[in-house]
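Note that the chains take the letters A, B, C and D in the order they are written out, and that residue 1 is the start of every chain.
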Amino acid sequence: MGNVVEIRDLHVSARTDSGRTVEIIKGVDLNVGAGEMVALIGESGSGKTTIALTLLGHTRTGCSIRKGSVRVAGRDVVAMSGAERRRLRGRQVAYVPQSAAAAFNPSQTIMDQVVEVAKIHQLMPMEEARQKAIGLFRALALPDPETIGLRYPHQVSGGQLQRLAAAMALIADPEVMVFDEPTTALDVTTQIEVLRAFKSVMRERGMAGVYVSHDLAVVAQIADRIVVLKGGEVQEEGATEQIVTAPKHGYTRALIDAFHPRPHEAAATERPGPETPVLEVTNLTAGYGAIGRDGRPEYLALKDVSFRLERGRSLGVIGESGSGKSTLARAIAGLLPPAIGQIRMDGVELGRRTKDRSKEDLRKLQIVFQLADTALNPNRSVGAILSRPLTFYHGTRGRECEAEVDRLLDMVRLPKALKHRLPPELSGGQKQRVNFARALAARPELILCDEITSALDTVVAAAILDLLDELQRELGLTYVFVSHDLSTVEAVCDRVLVMYQGEKVEEMPTSRMKSGAEHPYSKLLIASVPQLDTGWLDGLDRERASPGAEAGR
Amino acid sequence: RATRAFAETPKSGGSITAAGWSASTADTLDPAKGSLSTDYVRACAFYNRLTFLEEGGDVRMELADKLETQDAKTWTLTLRPDVTFHDGKTLTTDDVIYSLQRHKDPAVGSKVNAMAKQMESFKKVDDKVMEIVLSAPNADLPIILALHHFMIIADGTTDFSTANGTGAFKCEVFEPGVRSVGVKNENYWKDQLPYLDSFEFIAISDEPARINALLSGDIALAAAINPRSMRRLDGVDGVSLSQTTSGNYTDLNVRLDMDPGDKAGFVEGMKYLINREVIKRSILRDLAVVANDQPISPNDKYYNKELPAKEYDPDKAKSLFEKAGVLGQTIPIITSDAPNSAVDMATVVQQAGQEIGMPFDVQRVPSDGYWSNYWLKAPIHFGNINPRPTPDILFSLLYASDAPWNESHYKSEKFDKMLVEARGSLDEAKRKAIYDEMQVMVSEEAGTIIPVWISNVDALSSKLKGMRANPLGGMMGYAFAEYVWLDD
Amino acid sequence: MNALIARLVAKRLGIMLISLLVVAFAVFFATELLPGDVAQILLGQAATPEAVAGLRKSMHLDQPAFLRFLYWLGGLLTGDLGRSYANNREVADLIAGRLANSLELAFVTTLFSVPIALTLGITAAMFRGSTYDRLVLVFTVSVISIPEFMVATLAVMIFAVYLKWLPALSVASDVEGLGELLRIYAMPVITLSFVVSAQMIRMTRAAVIDTLDTAYVEMALLKGASRRRIVLRHALPNALGPIVNAMALSLSYLLGGVIIVETIFNYPGVAKLMVDAVSTRDLPLIQSCAMIFCVSYLLLILIADLVAIMANPRLRNQ
Amino acid sequence: MTMTTTASARKGRFGWHMNAVGIIGAAIILFWMVVAIAAPWISPYPVGQIVDFDYYGPMSAQFWLGTDYLGRDMLSRVLMGARYTVGISLAAVAIACFVGVTLGMIAAVVGGWFDAILSRFLDALNSLPSLMFGLVVVAAVGSSMTVLVLTIAVLYAPGSYRFARALAVNVNAMDFVTVARARGEGTIYTIREEIFPNIIGPVLADFGLRFVFIVLLLSGLSFLGLGVQPPNADWGALVRENIGGLSFGAPAVIMPSIAIASLTISVNMLIDNLPRRIRDRSE
């Protein structure tokens, strides 16, 4: 039997806003055999999504297939008419998007959207389609398979939505499934569930698939073969085992290196004793919604959290999505006034909200957000973004300010020429560096980092983590590092604090994390981190009898 | 053009819709309060007056059978015997006394309160005969009683949501600001009249819309056509025009008691600066007659033919302004859309001023509230005077020292004396002589500059016959409904 | 869900009452600021001081204006709109017929213009960037840049005077049958539709384009849905909120803002009534009209918000 | 993530490029602005002078755009009218949008009572009939160019406010605004530097539409006695006073209409085709 998918010499070009045409896929060949799962990995912007979409005969606005053929089940989608292509989509090739939350129409019930493919292509009576969907829900280990379809997208969790998106793709029994980073937005415990569900369904039905990801560890669990992309070109291709254990290409090696975090070395000057901590949080309780009569908000996202943090140290805060990590950071920064509890910096109690804090207090404590895209004003140049805190806190202006900006850019390893660019003209990694440099510009003592590497691909993330580590040593900074990714925490933190449903369940040194976690939730969390080992997921399945109930919440 | 052949024989039947130019919620069926054309049209259709002013300015008896006097002070009025109101009640002197008396009560809000005050007392002789005693002799009483406001209503009427009159039509619908419908009064005291079975009167304030409605056949009569629309109507089949040059005028008033009107020579300068010929030709498209700064119209038998209109003479005006010491000063002129064509006239004056180095600052103010806020008040402003049937009414309303509408605040004892003298005189020749002199005085001394007489033009479907001119205004002095007929 | 809507409606009604009060006061002071009063304006050229004083007394205008205003407000609470100063009729009677006319016209215009605006807006969004789209955009701007009175006058000249298809006036008095009704409303409705559609078309286009850019629309495309299905089933329901809001704002114009159309077609509606009332300084009538406009404006916005909520399950099921 | 990916394609400074349609729009606007400034020198006749005893005259060598209802030269009137239409409308729309947008942004950032009260107040202002408002203004402060511009600005600011507020509320929820707040920045800085650049695109589009409405409103207000005084007239007023010539297609009514359309359409053409740098800032 031949290949289900055959891509030959694919060239995709895009027209930029200024009218230039750039080539984003430069002659890619790809085969997917029957029942085979091929992974496309590579850094952001390498063209993974673009290739995946060509399997459905689709290119995003402004892009077009310039040359080459994409054969799916023997027919070339490039040469097809619009109507033929419509018939292909959903029925023969199905797509599971990166963010299921965005891919579901918020105003229709899930069931309507899941069976829509059947309706569009008139594959079966609606009742039958519904029954089939319920069967799929069950196969994908979704809770309440009978009724979950009646809910609206916002009424189910992210992990569930991701599985529902898979059900939506599977309803028509397609020959090829295309997964576009289906787990990137999920936290580790959920990710495991989703991966497991995908794997079993695919295996059961013997479908072919293309799996797009930048996460090698994830890919290692699910793919038979891996294709490594960079800049729209194939760098290396091989069986999973080979790529993971014996990469040939330099770029692949860099990817794999980046995956193994360099363990954090504790700060050199281990100062002993009862020095006043930089940050001391006691009994912090905060939440959202209307403030009740007892002074507590309607919904508590943070319950009675306390910890201390010494100068030059870093504290990792981990926990699943919604466990209150960001809320903690926001409360400390004064963006969300706490209902109860105190926050002391250098022994002095801080005001509850930014308005109540002195400029000096604000300067000493800086916060860096997860999404550099939204944290940087898209309309101010990098230079302007960086010089504002300098002018605001230190009154630096003119030439002096320019010099300082250059120094900051240098510090975060960015070329000076970037100063004149606007954020949308930067890559993700560059943006995150600028985001971080802005915090440094204030010359702070304590930086709150809220998932600053989660949105980045591994190579870029590793570079940022290195930078963080280095700056800490150079400038004696103190970090609170919020993340759901344990390996990053491992890379920068001295201690970790595990959060679960708004409560601190455990705190321990990073070094003891793998072995010494006591709380069952901490244990689950730590065990869920994918390993760069093709057998890890299957091994885990054998280890654990039933899939965790938490993820389905 | 207005006086079309009257030889055709009238036909009875049919109904028409006619459109005036303004209506509002203040529309009323109370003749005393009437102020707009719609009010007058309704009043003429639903009520009757004691007398009626004919085309040539002669008085015809209407509800009155006879109106006689010896001394122009005490008048004996005899009513027609056969008149009934719409509700069936017979007309008596009580109704007349009630109708006239109420104008003197300020609470009624009568528009002719000032004129009614001279009717000192009324004496009922019997049901058909009564006496009216004036405070001072006035030979014009029969004409005064022909004014629209002096319509006769039934004794004791206070509710004007419908009309109970003696007129040719009965009021069927009255929606203020919207429309009114009258149906033929079968018991009308005049033989044959009215010819129409019913008529509807509406107002279309937008002039092009009014013409369009006529051209499309939606209405049979469009009143008050703008001269510049003539080109649209000229030569159009099925449309005829009815033109009346009555005493309507828009005047430029310079108050004599205020700067700059109090400076000798200024007013005279203005009289030379105003280009009457241009106003007549360009603004009014020749639907006007050049006037000579006094209010009595050329159709009137008392019109002073010897009195010339001042020619446009910018040089003379300039030297007069120089004499007055105002040359080069910026002088404001208040204008508005409320007085007919006043904005255009103001620009003509302004342009002329500019040429001799006399800058005028033309200020167009809202027509809303113009009459109460600017008219009679601003130092230089425009006014608009509707036709009045007698020189006496005009002079006492506009030029006597105590005149309520003394537009230029003209004051002359000699003038006041002459006015009283003429009023009380039954000697025609003497009156004519006095009025001639008064016209000269006003023309030379007062600050009211009357450039032209404005003709009123109504456009009508050529099926509509029987329209004639009337000194009281357009639409046959608003009384057309009673006299017109449809020809097919 | 019903509780939420009930709460929202209750809150909005509360706000509406406050707004109405504010508007009532504002209108009152504005009227007071205008020179001249009813008596003076009614007497017009004949307004001698004695005559004005007499008339004022007889109309009970000699009481302080503010007192009369409060009195009117009090009457309003019991549903009594008072009597018109200008012609001493019940304000309610004066308004009733004309409001009905205005509502009728607004209703017919809405029926006519909303589908057209939706179609043009949606299709322009579907073919964004195409010549068709550009044409629609230029068309909308041209339409709003032609003065309303010109559109109306042209329409009359063409359809009534030359072609004689339609009457030049739209007196809704004695209508027989649907055909007659359509004939009578045709021109005012066309003119008004020109005026109100432009904004609606632009907003609809923008809102639909916004949703067409979303991931779920792309997803629908990848499921093989046709363009029609994508727009009607996926984009439109999610763009409904902003669209309905824009429509509400445009349609709120149909009651108070149609003075030109009412004048040219001699259509007896409330806009002209209000202008009359202002020019005669007829306080009770001005106030009542202002209240009507304000209420209709707020009601439309409320309806728009409710539609937006009903269309959005996230809000609906809060 | 898609934002990141498109970024690389946008590299380079090509954002200032403007397409042909935009350039045509700008050229027409520029043309009218030059006309507005130079009008008194290039008008062949004084605006108020009656140059022809005929009226609604056709286009001729002597009177390029014919004559109006009084026989005045239409070309001169249109040229001088440009002063008022372009000048007043631009000034008024600029003020209305400036005030509306500023207040809208402040309301969005400050929120709470300030927002609630301001919104209610402006809603109420919005439901005041504009005719009445115009009359009150003339009665209270008289009439001058400044008053006219301010009146229009007041009439149009509430709409602008509503629009800008809705946009600003969305931007206000973005992280970079939170960062500024965490830094301790004041309201003025926040709205000027963080919010405004991100709503400018839609605000400009709104500006274009509002401009069109103001051009037309102008003629209505001059009939109330506000602003442009005879013998001058803005274009809307020229159309209105010559509307009687419409039935025989007099240039006196056609020409000012074309002038209005050319200006309003080109303003919108320019705005719709502004360099992406400016227009798409908020995307």
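Just so we're on the same page, contacts are C-beta pairs under 8 Å (C-beta built on N, C-alpha and C of every residue); 3 or more make two chains touch, one makes a residue touch a chain.
Predicted model only: the values in this text are computed from it and were never measured.
Asks: Among all the other chains, which ones are in touch with both chain B and chain C?
Replies: Under the touch definition, chain B and chain C have D as mutual neighbours.
Asks: What pair of chains is linked by the most C-beta contacts?
Replies: Ranked by C-beta contact count, first place goes to B-C.
Asks: Rounded to a whole Å, what is the gap between the Cα centroids of chain A and chain B?
Replies: 87
Asks: Counting in whole Å, what is the centre-to-centre distance of chain C and chain D, each centre being its mean C-alpha position?
Replies: Here chain C and chain D have centroids separated by 23 Å.
Asks: Just the number, please: Cα centre separation of chain A and chain C in whole Å.
Replies: Comparing mean C-alpha positions, chain C is 50 Å from chain A.
Asks: How far is the middle of chain A from the middle of chain D, if each middle is the mean of its Cα atoms, in Å?
Replies: A distance of 46 Å separates the two centres.
Asks: Identify all positions of chain C at which a residue touches two or more other chains, and write them in rising order.
Replies: Expected reply: 34-35, 149, 153, 157, 161, 278.
Asks: Can you list every residue of chain D that touches 2 or more other chains, as numbers and ranges?
Replies: 135, 139, 243, 246-247 - these are the residues of chain D that touch more than one other chain.
Asks: Could you say which residues in chain B touch two or more other chains, in rising order?
Replies: 208, 368-369, 373
Asks: According to the definition of touch, which chains form touching pairs?
Replies: In this structure, the chains touch in these pairs: A-C, A-D, B-C, B-D, C-D.
Asks: Could you pull out which chain D residues touch chain B in their complex?
Replies: My answer: residues 46, 48-50, 53, 55-56, 69-71, 134-135, 138-139, 143, 222-226, 229-231, 243-244, 246-248.
Asks: Flag every residue of chain B that touches chain D in the complex, lowest number first.
Replies: 207-208, 226, 228-229, 231-232, 278, 281-283, 285, 335-337, 343-344, 346-348, 350-351, 354, 361-366, 368-369, 373
Asks: Inside the complex, what are the residues of chain D that reach chain A?
Replies: These residues of chain D touch chain A: 1, 3-12, 14-15, 17, 174-176, 178-179, 181-185, 193-194, 197-198, 276, 281.
Asks: Flag every residue of chain A that touches chain C in the complex, lowest number first.
Replies: Per the stated touch rule, the residues are 53, 56, 58, 60, 86-91, 94-95, 97, 99, 102-108, 116-117, 120-121, 152, 154-155, 168.
Asks: Which of the residues in chain C come into contact with chain D in the complex?
Replies: Residues 15, 18-19, 22-23, 26-27, 30-31, 33-35, 137-138, 141-142, 144-150, 153-154, 157, 161, 199, 202, 256, 259, 274-275, 278, 286, 290, 293-294, 297-298.
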